[in-house]
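Below are structures written as structure tokens.
Each of the next two complexes has subunit A plus one other chain: subunit B in the first, subunit C in the second.
This part shows the complex of A and B:
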């Protein structure tokens, strides 16, 4: 007679888990089949040749255009910075409306949450396409696109920070007979300021990355030069743009990490 | 520094006794505070002079802007219903396949990028992959992959999978680095092999967060799949882009509302799954 073997789960639970995995794998295969049907597999037979020739044309990068890329790079940084500032200006009051403990009315809270979700769902590039058709190509479209996308991100993280504050300072300030705005200014605001600074810098770092591509749809910045180089099949110039973007992103990530480390 | 701070404190307390109190500034170092204010001011002036905006063109576009906002109240799901359905099916399948492949590849990269369990050369190699994948936006990767693999959803799958690797591997590696050391030592002391060690010491510690992050990435990949269609990598982005370029804002609004709806739904769902697995 063998001793009973220890089992982590009951048999029913084990079968349920296996069934879950089975269904997951089936779904994956089904999805893959749909993609496979829409793919021209013949293109893949020479993919390695294409890749090799692409990389061959990118190396070495065409450094001669570096000087002419400095102004677009400055524009890109401006798009990200001004866009972040505009987005934060709108997100800040919105977060107070959306936080459960500071909202004046539940209906306003639902409205603010709706704006936050809509802004978060739609990529900056889509906002940029829309804005370029509306207000014309250029930096302004890029800035507003970045701002619209940032509202949701900053708003969501900020209202979560507001909901997590300590209630005792709020009670203390309220008991002095302070008005509504005074309570916000002297008990809520000091508690969320470090989180607010951290979130803003974090979003600025993300926006630097996003603003490098906005030029693809005409919204200004270094993406315009990248698009032109790609359309001319000048892959050496494309590689230069890539190197510059890589450098900028590394620097902005370093700055953002430093600032967040300092304030949190 | 500390002496001047003490002086400032005394001055504050003296002023408070006189009845005038002011909250402490966010940045305590006075020079840094004024330096930052000055830098911000200089930057605003510089930007004001380097950005030139064509206000006449902006004013012209206001009609369209009003049209667009109005179309959110009259979205048109029907006229281009066929294109929307095809694009949406492609987006959803791409998202799912790419997320699964991306996570499967991100796990080994994440293990390699955790400083406490990977040898030095492997660590640097994996960190390089992560840095490359995180720096370049999905749309740039999509352009390269479309050039390599041709138009269609397969290029989109590769793009999203590549972007998923950087995101998931970085967060997974950070999670492993934060893992408690005692279980790692305990399992190792039993004479377990490397795979057993990962499976019984590391995996239980990181699993709940890995599931949460996977669901979050599924959500991100869906949103991104609406974008990479613009450069020919499949999905609903192509439909959306065409409708915007035709000024067919009613259809654009329909697509955007569908995207918002799906993102909202996935957010609720992931909340449930997280509660259920935690």
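This part shows the complex of A and C:
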């Protein structure tokens, strides 16, 4: 009598998995060949020399322009902050319309999901290009671009948080005879507050970084100065901008960590 | 007080959870609803406050037909019916006081409740009830900082804040240890007698039910198969309700409990009852 045999998968299934891996590797090699044929490898041979030269030109940073960068940096932070606030203001009610357990009507749910998806599918930089064309260059275009992109991000994460709440407190508050809005305020809202605070500061954090690039297309902020410096090949000034952005991002990371910690 | 006629619930899946149930509960009576899992106990009490919509039949509360009411009239019916849950169903991130005051939501407007500006009489009542259930020192604790027994006391206080005529209690002790279970059952039954509430308690623990309630209704597959005093639960009846099992051990235990009930300390020491 032979010992009973146990295998995780049937042999057919096992071969299918091997075949899947084989085809995947083949596809990768094919893609690699196409990219390789379109690359001028000669340029890569001195890439390290070019990189070293670029970094050489960036060091030391040109600190003399720091003072004149303070206002654009402040603008950048304002674009991110006002943009986030505006986006969250619109995303908050949308999330309640989009969540399966709080939506008043399936048609409204589809409408809210539509807005969330279209907002998410367009990058902030592209929103900014569209808005600069429509309302002209400046801070306002940047703020609205950031807001439009944030609606989808905050709306999606928030409606998912709403769908994941515990249903029993909702049942309990409903059974007291509370009205629809009271049920939301007393049983749904307290449960999503930590997620809401976390999502908002996380998006603000991302928006600080995104708003530094908006100046490239004329939507205000420090990106404008960076673009000018790059065009003038003033690499020392570019390095100064990098250092300032880096410092700002570190501070925003610290602030969001504090906020997340405070609201649990 | 509560009058159910021909109450039937068929879920969208086709399962018949309640099959033509007639039940009348007078004010001041504590009724235990027993039966195996899936017999329709939860569905029955959720039909009464319309968390579940009955398929047919009528629900009358003090003579008012509440089977089909909607909107404001449904809210007014619900606020007369307190409900206590198996898993406490507290809003864990709100304080004890906020949880208790949420029992008054149907009596105050949205903005007043949103800014927690409840009328002074409600706050005074909340303090009184919290003292009655023994939580007067816990008022500003958050829901998630409490033990199971304390959470259930908050759940009871929230239900009482509604000034209900009827109390629906769904497995109040299923998540509690035996000692706390007894304390909670005793508290619920005392409060019902004090305030002359009609009460339906869903409960799995037959011995515990027998010890505290006035009347037992046995439900099997959505239909009432027993309706009588707790002493009437013979092994034959229990077999009708739950199916074949050796019931003699349960009865021996419940006899022990009846004796020890006279002495609280002994009851507390009796750890492992069925």
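Keep this in mind: the second predicted complex is superposed on the first by the 244 of 264 C-alpha atoms of A that agree within 3 Å, B and C clash if a C-alpha of one lies under 4 Å from a C-alpha of the other, contacts with A are read in each partner's own complex, and residues count from 1 in each chain.
The working rule: a residue touches a chain if its C-beta (ideal position, glycine included) is under 8 Å from a C-beta of that chain, and two chains touch if they have at least 3 such contacts.
Keep in mind that what you see is a predicted model, and the values were worked out from it rather than measured.
Q: Taking subunit A as the common reference for superposition, should the pair subunit B and subunit C be classed as clashing or as fitting?
A: They clash: once the shared chain is superposed, the two partners overlap in space.
Q: First (subunit B), second (subunit C), both or neither: which does A:186 touch?
A: A:186 contacts both subunit B and subunit C.
Q: Output check: A:109 vs subunit B and subunit C. Expected answer is one of first, second, both, neither. What do you get?
A: neither
Q: Answer with first, second, both or neither: which of subunit B and subunit C does A:172 touch in the superposed model?
A: second
Q: Which one hits more subunit A residues, subunit B or subunit C?
A: On the superposition, B touches more of the residues of subunit A.
Q: Determine, under the contact definition given at the top, whether A:260 touches first (subunit B), second (subunit C), both, or neither.
A: Once the two structures are laid over each other on A, A:260 reaches no partner at all.
Q: Pick from 111-119, 147-155 or 183-191: which stretch of subunit C gets in the way of subunit B?
A: The answer is stretch 111-119.
Q: Can you pull the subunit A residues that subunit B and subunit C both touch?
A: Subunit A residues touching both partners: 186, 190, 193.
Q: Name, in rising order, each residue of subunit A that touches subunit C in their complex.
A: Where subunit A meets subunit C, its residues are 168-169, 171-179, 181-182, 185-187, 190-191, 193-194.
Q: Write out the stretch or stretches of subunit C touching subunit A in their complex.
A: Residues 49, 51, 74-83, 85, 87, 89-94, 98, 102-106, 110, 113-114, 155, 158, 162, 168 of subunit C touch subunit A in their complex.
Q: What does subunit A use to touch subunit B in their complex?
A: 27-28, 31-32, 34-36, 38-40, 43-44, 47, 50-51, 54, 74-75, 78, 81-82, 117-118, 120-123, 125-126, 129-130, 133-136, 138-140, 186, 190, 193, 197, 209-210, 212-213, 216-217, 226, 230, 242, 245-246, 249-250
Q: Of all residues in subunit B, which touch subunit A in the complex?
A: For this pair, the touching residues of subunit B are 23, 26, 43, 47, 50-51, 53-54, 57-58, 60-62, 64-65, 68, 89-90, 92-94, 96-97, 100, 131, 135-137, 139-140, 143-144, 147-154, 157, 223-224, 226-227, 230-231, 234, 237, 240-241, 244-245, 247, 252, 256, 259-260, 263-264, 267.
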